[in-house]
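Consider the two complexes below, in which subunit A is the common component and subunit B and subunit C are the respective partners.
Right after this comes the complex of A and B.
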């Protein structure tokens, strides 16, 4: 390479860099479980969902270049916080999405606030993310323990199942779910006879099930998630718990769990979700595109939440013309949300995304037309009632 | 009616029995580990992955070829054991003259690769495998409802453990094996093919893990992480029992299953660590393990 070509090359690259700078460059980090119990309900599917949001928004056509990176937090808060720090400090990440496992989500929540970036959570459950631990930098999109407890809990108590026993995963999420459901049950005049907290993740739940059986409760509330819930339900059927008349209330069940259980074991379960692929034409169309990229597996509500939250974020980037955190958060909260998966909704001041929730019942094998045709819709819980009222959350930064 | 620490005795019997069922898996797995360590001096870290493979091969046989559970009990240990033989011939046999650490690293690496491959192919949510019709349902024992399948697991595990112990401690073949570990050169001089014997021993240990995998398939979800969750506990069992002690592995396996079961009643939050607490105490008091001999 002679001197003249070198000059030319440098000039060209400078020119290219110049045009790139005129655009907004966004870097999104999808942080979730890619190998453990929550990998199927979040994992690579969330990366696919984020990528679909970028394509559907036509970010490139609007002068926004988006790069998506991902990492495995192994459901451990310490690993999650290390990755989040590195992403914000060294890799120039602007937005972290997903983050299932509440304890890991709390860690990312803190760091995001400290670094003044944005965190849009889809995978985690604890309602404290927009309550005691709320942050002006966090949006909690898909569901939370309050909504699940009220959806499934109220429905079960209304049917006359007033005596409860909990099998709880012993970490932030499980405890929050147990606490929230206990409040619902007691408010409705029910009674909680006891609870057993199991190490997370677990394999054998028969011992806890026997304790639940001995308690004489009408309902066994499963305050756990993913593979733990699958194993608990499977073993409850094996030990004749459900046949003997006790009902199971799966407080957080994803469609991937039903897929793993099979309808024979799972039929009749009542559960609350904010998304199901077979709700309407738009969800069906989107889910079909998603499944084509995800080995034929339909999306969970967590995947849907990642898609919708990235879409809403990109709208704010377009509206504000930059990526300044305060402006983006203000824009996201002042603009109503609208997407094909959750319909119309809004983000409250405390960061809570508000939309309808749905009460489903799992179909029997005879009712189902095939793989992934799993739910009957029992009731739609309107957005206004689905989530904890703003004033009850105790979110501190709102008072400032 | 009297109560023991707030637990009615009937509930306690139930929990003891459940502990025994979990102990069956600990015993089968730690037995395989103990056989391999005792005769090959290899710490087989891929044991959990091989247990998982056992469950998966059973699932594949049923799903792709329609071969049922009973045939799987026979075929799966042979198939997975054969992969063990290949691994021993191609890789592990090159490490016998090196430190234990190399064998550990190799088998640990293999475990990660095997788990990764299965995770990539089948995801982590798990696959359904039904209890065979002959063993579905359960028996009411008065103090608890015992699913027939779990009863079968205890029986099968006790029989296999006893047969293995008997074969190694009481038969001529077992005597050759034990002699070969003491002094391979001398045993070789008597015209016995020592390398082949060692290869088959590794294959047998792996087959035991695969058998445990088939037994586990109908009750735990068949997923790529099922072995990784269990293997650390099983290593603790082997350490407590005494490295390489066959009888130690079996008795400690059942015993710790019961201890863990009781912890689940009295202090469930501690059930994940109780075995490691016991391991620490045993190591302090009796470093060679409960049934081990100091060399």
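Right after this comes the complex of A and C.
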């Protein structure tokens, strides 16, 4: 690993220079899906992002040695909990980042709290991480289901698409997503014409799509995730649903899904994300560097979140001059965040990182000018409105 | 080559004498000794995982190796028990021992219901009936409001054993788990070597003959099915307390397959085989976790090799060499 050599080299050079600065050794564990459905949107890319943050921060030059390790939790909470426990107990890990899949994130959230370390989540969606399950040791950086549902729901209604129909995965997550989005749509003056539940995981969505088509709704909301969403979109494309004038709204979908589906299939889909590589000069420059290390694949918002969260963490390490958990958390929450990817922002008391969110529409193949040119920006949702208000989360430790 | 109508493991197990061979007691003693010193070398949480799966595989082995019934739905008992124990400990604030007991009870009742129907069929039909019921349990776990859907039941408190032994320390909990699992293993051993166990083996080897001798075969089958379910439940409930988590992984059909794999790899119909099989598989999953999906491929490859080269399993082959039942 050339990173290790880099660390070794910088450590040695520091030793040679005479230890002028106090040395702090940090170990960061990148825990995510490296083999399954989320491997593209997190996976090795998140390790690259974390490494870039360490390099950009010039940690070695500031007397902080950083080691990055990674593991595959296979999207299973029990494996995630095992690895996290072992990392904290045996391997001396100080910070765990990424962790897609909400169930795995909850497991790491609990163990981090028990062991009094720090967990900065980028990949998982559940808004409960800063709500019912919130923890003083957790920062939820990139997005959450509340932000996605509200972003897509309210922005679509504001655009004049007021009649909705839901295709919902029939389990707790899908039902919650449908309920949240319904509330947003109705609050914004829209109307929900109906919903249909499909078994999880599903493969044949034709009958649900036909019902959605017949409902006369302007928007078909996809309250499902992962393979289910991808299959729904593929089959919707076969029915020509978007071409016939109905819009598909993905409530949990990422740029890697669009990349896998192809623009021909995914065109016209509306979705909310917190980061897109082609937003401004800074995101373009960073994404180009990232893509050079990641086989030409552009970063997802999850990768961006890992980069930004590690950067912010290292700033706190420098500011506090150590790695004492309470001091680091206090420093991270009191210092406004600033990075090239999410711009200016802050971490709220409950651990929610707050920044702008964006409503995108997937381009048609004719509009796209090249590889990874996938989105048209429809609307920017300002940070103040993008996330669930602090008092609505029901975060318990704030009341203490 | 002599023509042998019975497979190796059958003649092997059939040769087991009634009563308890002395070398088994020695092995149990060595095992206990090893378990007591192991946490000073290995990570206790990892050891507890091995122990839970060793018990789970032994429970299946009781049914498969000695009852001759291949259940492909044992995750239903393992998982439902872990959900019940987790819920009891978290929502009702039960002490861990009562939470585990309740989980075992739930698994036993479920075992009675599923077993009563499943034992009416044999062979592949039996396996399919158990698999079908296990899928229903999975669906229930996914849908029921108290199981937390795909998030599972998280942050289960480990609590205080009998109200005063604090289990939050890994090491304390480890010794409790050793006590539970070791006790259960001795119980399984006792069942196998009891007259009841002898009748079971007779039924396994020749059911029509057992019927003709006047045994009520279905009662024996149901009894061993319920015992096996309850012991699988004990493993599941203990795992829920150890990992403070009950999730869909525990009830998913791959879990049923994994435990069959552990049993076959270690040696079906041997006393110590499932322990070895569980240790091998869990160690692989733990140390090869970095390879991601390749772990399953590796497991598959190892399974193929073991079926081709040593069908009796690791301990089965060892027993053949030593010419002693293990």
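Just so we're on the same page, the second predicted complex is superposed on the first by the 311 of 400 C-alpha atoms of A that agree within 3 Å, B and C clash if a C-alpha of one lies under 4 Å from a C-alpha of the other, contacts with A are read in each partner's own complex, and residues count from 1 in each chain.
Quick note on the criterion: contacts are C-beta pairs under 8 Å (C-beta built on N, C-alpha and C of every residue); 3 or more make two chains touch, one makes a residue touch a chain.
Everything numeric in this text was worked out from a predicted model, so none of it was measured.
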item: Which of subunit B and subunit C A:170 touches, first, second, both or neither; value: both
item: Partner chain(s) touched by A:151 [first = subunit B, second = subunit C, both, neither]; value: neither
item: Contact breadth on subunit A, by residue count: subunit C or subunit B; value: B
item: Which superposed partner A:351 touches (first subunit B, second subunit C, both, neither); value: neither
item: Partner chain(s) touched by A:211 [first = subunit B, second = subunit C, both, neither]; value: first
item: Contacts of A:393 with subunit B and subunit C, given as first, second, both or neither; value: neither
item: Which superposed partner A:35 touches (first subunit B, second subunit C, both, neither); value: both
item: Which of subunit B and subunit C A:299 touches, first, second, both or neither; value: neither
item: Touched partner set for A:190, first subunit B, second subunit C, both or neither; value: neither
item: First (subunit B), second (subunit C), both or neither touched by A:125; value: neither
item: Intersection of the subunit A residues that touch subunit B with those that touch subunit C; value: 35-36, 39, 170
item: Subunit C - residues contacting subunit A, complex; value: 43, 45-46, 49, 142-143, 148-152, 154-155, 170, 243-245, 247-250, 286, 289-294
item: Complex interface listing, subunit A residues touching subunit C; value: 34-36, 39, 71-72, 74, 76-79, 81-83, 85-86, 89-90, 102-103, 106-107, 110, 126, 133, 170-173, 200
item: Subunit B-facing residues of subunit A, complex; value: 35-37, 39-41, 43, 170, 196-199, 201-204, 206-208, 210-211, 214, 226-227, 230-231, 234-235, 238-240, 244, 256-257, 259-262, 264-265, 297
item: Interfacial residue positions of subunit B with respect to subunit A in the complex; value: 8, 11, 14-15, 18-19, 21-22, 119, 123-128, 130-131, 138, 144-145, 147, 149-150, 219-221, 223, 225-226, 229-230, 261, 264-265, 268-269, 271-273
